[in-house]
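The data blocks that follow each hold one structure.
One chain, subunit A, links the two complexes that follow: it is found with subunit B in the first and with subunit C in the second.
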Partner chain A sequence: MKKEDKILSIILIAGLFVFIAVADKFFNLYVQRVLNLCAIYTILALSMNLINGFTGLFSLGHAGFMAIGAYMVGIFTVPVEIRPMVYFMKPMHPAIADIEMPFIVALILGGLLSAFIAFLIGAPVLRLRDDYLAIATLGFSEIIRIVITNAQSITNGSLGIKNIPPVANIWWIYITMIISIAFIVLLINSSYGRAFKAIREDEIAAEAMGINLFKHKMMSFMIGAFFAGIGGGLYAALLGTVDPKNFLFVLTYNFLLIIVLGGMGSVSGTIISAYVVTAGQEWLRFLDEPLSIGGIAIPLFRPGFRMVIFSLLLMIIVLFYRDGLMGTREINWEMIKNFGKRFKLRRVKSGEVQ
Partner chain B sequence: MNLKMKKAISIFLCFLLIASVAGCGGQGESTSGSEDVIKIGVFQPLTGANAAGGELELEGVKLANKLYPEVLGKKVELVIVDNKSDKAEAASAVARLIEKENVSAIIGSWGSAFSIAAGNIVKEKQVPAVGASCTNPLVTQGNDYYFRVCFIDPFQGTVMAKYAFEKLNARKAAIIQEVSNDYAVGLANFFKEEFVRLTGDPNAVVEVSNYQTGDNDFSAQLTSIKSKNPDVIFAPGNFTESALIIKQARKLGIETPIIGGDTWETDEFLKVGGKEVEGIVFSTFFDPSVTFTPESKKFLEAYAEEYPDKEPAAVTALGYDAYILILDAIKRANSADPQAIRDALAETKDFEGAAGMITLDENGDAIKDAVIKTVKNGKFVYLDIVKAN
Partner chain C sequence: MTTNSNPLLETQEVTIKFGGLTAVNNLSIEVNKGEIVALIGPNGAGKTTAFNIITGVYAPTKGKVIYDGKDITGLKPDQITRMGVARTFQNIRLFKKLSVWENIMIACHLRLQSNFAGAALRFPKYRAEEKRMREKVHRLIEEFGLSRYQDDQASSLPYGVQRRLEIARALATEPKLLLLDEPAAGMNPKETEELTHFIREIKDKYDLTVLLIEHHMDLVMEISQRIYVLDFGETIAKGTAEEVQNDPKVIEAYLGVEEGA
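The block that comes next holds the complex of A and B.
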């Protein structure tokens, strides 16, 4: 990285902090929520992209890892004195009933537990490839959910937990997001990251070059799971409630959608697409409101219409951008600086052709 | 060609995005100015897995709005938002209703989980919300701004235990519950407590077995229940699975009465269950053949006019009640201020709703009568009414 670029990056991060401060002070709850959700989905999609896009492991277990992180925060940050109210049907197991943790501890423990479980499940499952791996990880995420549903004295079963202290404000979430992005970018540009990409391109060739396949796959899987757990914890704290039905396997498809749309193997693509998908659905809400032109109500504009338009947009993007919005490319300073130049160049070129 | 196409598409997408942003901004300006409108927000799952339930509830709200379009001389405007059957979306939708639309009160949502997720926001922003059919006790617990017009799971479980004990003379019961459903678990648990209390026998519930949403083979659970030989089987859960359970139980030669909760009251239950579900008994909120109050009559007539070929569902009546309860609170408070509405709501006593008299307790839960129904000749038939006390 050139010195100039470094300075630009620092300015960007500083600018982001100013933006957070402004958002925290002046934006209303609704806008803040959408921004927070975008950031959390960025963390989750990025961690999934690390596994799926950069290492080429087709894993669909993200909802499970997220659930672990979310429940860690849910179980241990609810104040002890209001627990009997939440666990009104079956009291909390005495071994954990009096343990209360600060949010950050529960969040990190959730990530670590999630990574540890990824290690346990990864050992047998990462020997599988492609679709088989997808099926195994999908099954794993369902197992997690069913265990949570049945462990009533720990997780309150299908009733879910509420009254999770809403500590996760915009500062928490954005700083966590910046750390996650920075970590994953640094990881991808390290020798480990290059090994991940080599595995994605061709496992046999990578092995022949001396890359320890299992070790690197496991590493990617565990780091991905760690950040999924962190994202899940933030999600729980943002919503203030968790229940097992949150973590149905369809949740994983949300993130799959984001990374396919943004580009499998592109950090900037994932970030853009997480914002476009999450905020876009909110923007499109005007389609749900009744609309009348010249006094005639147009029957199409009613609740649910935005999802039709949203799906249409997705179809168009997938049809015309096969590799997602960014493919495997990244936005970097070089590209931004060259943007103006390239535009000019293209005009000159097309002039030559004509 | 391809490149041109791509360019055209990109421009089209950009345009759409800009148009949507512009549309968003425009909407906010045009709606926030008017003073002579009172806005009531409705958030419901109108797309996604629970769309059917949300749509039914919305039907009732809209019908009530048609009958009572004005309060305090001002027009009442419904602002309907979809929560996509998703918790995060439900929370954002409610934040939008409060911040962007400045609603005075909120109705919703079908599905307790969505209501719980929205609960934090209504509490923080101090805007009252009235749930229509969310029965999980956690919805209103510890939240002064959430109310509901339906009874909660504990009450329904208790009602069925009483019914089994008094009317069916049951002394031993077995439970088969949909463990992944908060509603079923709630009912089962309170059924067990009450049944044990009534019989005075700590072992009165001989078996509690679980199944997951989507299961379709229940022979293991049923064989085990059969060997225990209970007098009654309590099977709260989703309608499809429950109908299959009853079918399979009858095939296994279990002749014991099977009882359940309000989720059974759907056409699918009758279709899947066929003649095997004849004679089952369940509790619910409402029956079109019983007029609880003058308001029920009004509701039934209006409904028949609006939807001539349909019978109103219980949740539709509850959606209707949620709306008229809010209107009544606005009248009593003589103000559209959210805080004043909340205070008026909290004092609701003997309010005439379409689905029975409503009195709100200190949690904001409705105390009301339950209806007992059965299946006869392939139809749901009113059987009895259980008073709340």
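The block that comes next holds the complex of A and C.
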């Protein structure tokens, strides 16, 4: 990176901090919540893009990895005193009933456990053809929900865990997002990232270049799962409650939509798309509400219609805009500077600036 | 067959069957250090399959592959490449959407010592390694005349340049043995001539041993010390260029194909 670009990046991050401070002080809770969700979905979508877009694997387990992180925070950060109230149907298992952790510890452990589970899934499956990973991860994300629903003395079953201390404020979430993006970008632009891309492009050639396919696929899969766990932990501490229905497969589908829309293999595309899709889904909530115009009920507007719209959107992108917004390109300072120059030039031509 | 008791590469009665088809049968070749050896034969003779066995893409049904005194039969392609065997592909397998520079950088990855955390967090050790890789790639790009294409997508290059890039990429893995699968395919006589010199040049410069598959007979005859001729998976002849050229079995194999065609 050039020195000038480094300075610009620092200014950008500083600007972001100012924005967070302003948002924290002046924005209403609803807007803050949407901004927070956008940031969490950015972490999740980006980590999924690492696996699917940059390494060319086909994993559909992100809702499951997210659930692991979310439950880790849910189970271990609820204060011991109020646990009897939360676990009112069936008391918490004595082995863990007295273990309480600070949020940051539970958050990181959640990420690590996700990565470990990813290892257990990947060890048999990543040696096989790629379609097996899709099937295995799909199965995993269903199984994890069933396990959570039934392990009542640990997870409180289908009642979910309430009263999770909502410590994940906008600072927590945005700082975690910045760290996650930075780590993933640095990784992608390192020799390992190049190896991931090589695997995506041509496995046979990558292997002939001395790249151990299994090891690198596993690495990408585990790192992706780690950040999914982190995203899940933030999610739990943002909402203050988790229950198994938060982690239906449709969530993974959502992330898939984000990365396809933004560009498989583009970090900046994923970030933009995560914000557009997440905020868009909030604003399009009215699609799920019954709607009547002049007393006539419009038949399509009912719960689920929003998802239909998004599915159609996904199909249209896949059919007509394969590359999404960015393809595998990135927005960088060079591009922005050129854009600025072009703009200036045009104004000079039209005589606005002398 | 040679007095040298310690060839760099040796296949011992290697056989591979795909279902009912014996693609390679009892192949025993030796390549000594510093030699250029050619593998020729009509289409479908099993030449590429032999390469795939040597480089670990296929495990042979029977027989052994010995490289540098070690039994490498059944090892995986990346392990074999790490031991110093690099290859190019008959149907060019570049990382199409990546740049020329990235294509060669990827081939340096196998010698990287830093782990992923050290790489992502840019520890000093990684920075030093990355710098060395960049220098190496820069040298290769200059040497292979790829400077003006450096940032171009690999698939956008002219065909001949793609072939050159594939060789550059193979060399970036730091091989002792280089396997070239029809490096002159699709080239005109002038380009073929240039390639012939080029192969000699890099062989000397990088202290390589070369095993190549080729249909351009002028290239084969000019460059290779020894030749093996395959037909329907069988080794029908071996020896120097003249010996092979005058071998009736070889003439028959080639003419046979032409008659059939």
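Criterion: the second predicted complex is superposed on the first by the 299 of 354 C-alpha atoms of A that agree within 3 Å, B and C clash if a C-alpha of one lies under 4 Å from a C-alpha of the other, contacts with A are read in each partner's own complex, and residues count from 1 in each chain.
The definition used in the following text is that a contact is a pair of C-beta atoms (placed from the backbone, for glycine too) under 8 Å apart; a residue touches a chain by one contact, two chains touch by 3 or more.
The shown structure was predicted, so the numbers you read here are calculated from the model rather than taken from an experiment.
> Should A:N212 be classified as contacting the first partner (subunit B), the second (subunit C), both, or neither?
Once the two structures are laid over each other on A, A:N212 reaches subunit C alone.
> May I ask you to decide whether A:P303 touches subunit B, subunit C, both, or neither, giving the answer as first, second, both or neither?
First partner only, subunit B.
> Subunit A residues in contact: does subunit B have more, or subunit C?
So, of the two partners, B touches more residues of subunit A.
> Given the touch rule stated above, what does A:E330 touch, subunit B (first), subunit C (second), both, or neither?
In the superposed model, A:E330 contacts neither subunit B nor subunit C.
> Can A:I146 be said to touch subunit B (first), subunit C (second), both, or neither?
So A:I146 only meets subunit B here.
> Counting only touches as set out at the top, which of subunit B and subunit C does A:I316 meet: first, second, both, neither?
Touch partner of A:I316: subunit B, not subunit C.
> Mind working out whether A:E100 is in touch with subunit B, subunit C, both or neither, as first, second, both or neither?
Neither partner.
> Under the contact definition given at the top, report the residues of subunit A touching subunit B in one complex and subunit C in the other.
none
> Where on subunit C is subunit A touching in the complex?
Checking each residue of subunit C against subunit A gives 55, 57, 76-79, 81-82, 86-87, 89, 93-98, 102, 105-110, 112, 114, 116, 119-122, 126, 129-130, 133, 169, 173.
> Contact residues on subunit A for subunit B in the complex?
Residue list for subunit A touching subunit B: 28-31, 33-34, 37, 82, 85-86, 88-90, 146, 149-150, 152, 157-160, 162-163, 166, 235, 238-241, 243-246, 280-289, 303-304, 306-307, 313, 316-317, 320.
> Subunit C touches which residues of subunit A in the complex?
183, 186-187, 190-192, 194-195, 197-198, 201-202, 204-213, 219, 223, 328
> Quick check on the complex: what are the subunit B residues that touch subunit A?
Of all residues in subunit B, those touching subunit A are 5-6, 9, 13, 16-17, 20-21, 23-24, 27, 44, 46-47, 51, 80-82, 84, 87-89, 91-92, 95-96, 98-100, 113, 116-117, 119-121, 124-125, 136-138, 141-142, 179-182, 184-186, 189, 210, 212.
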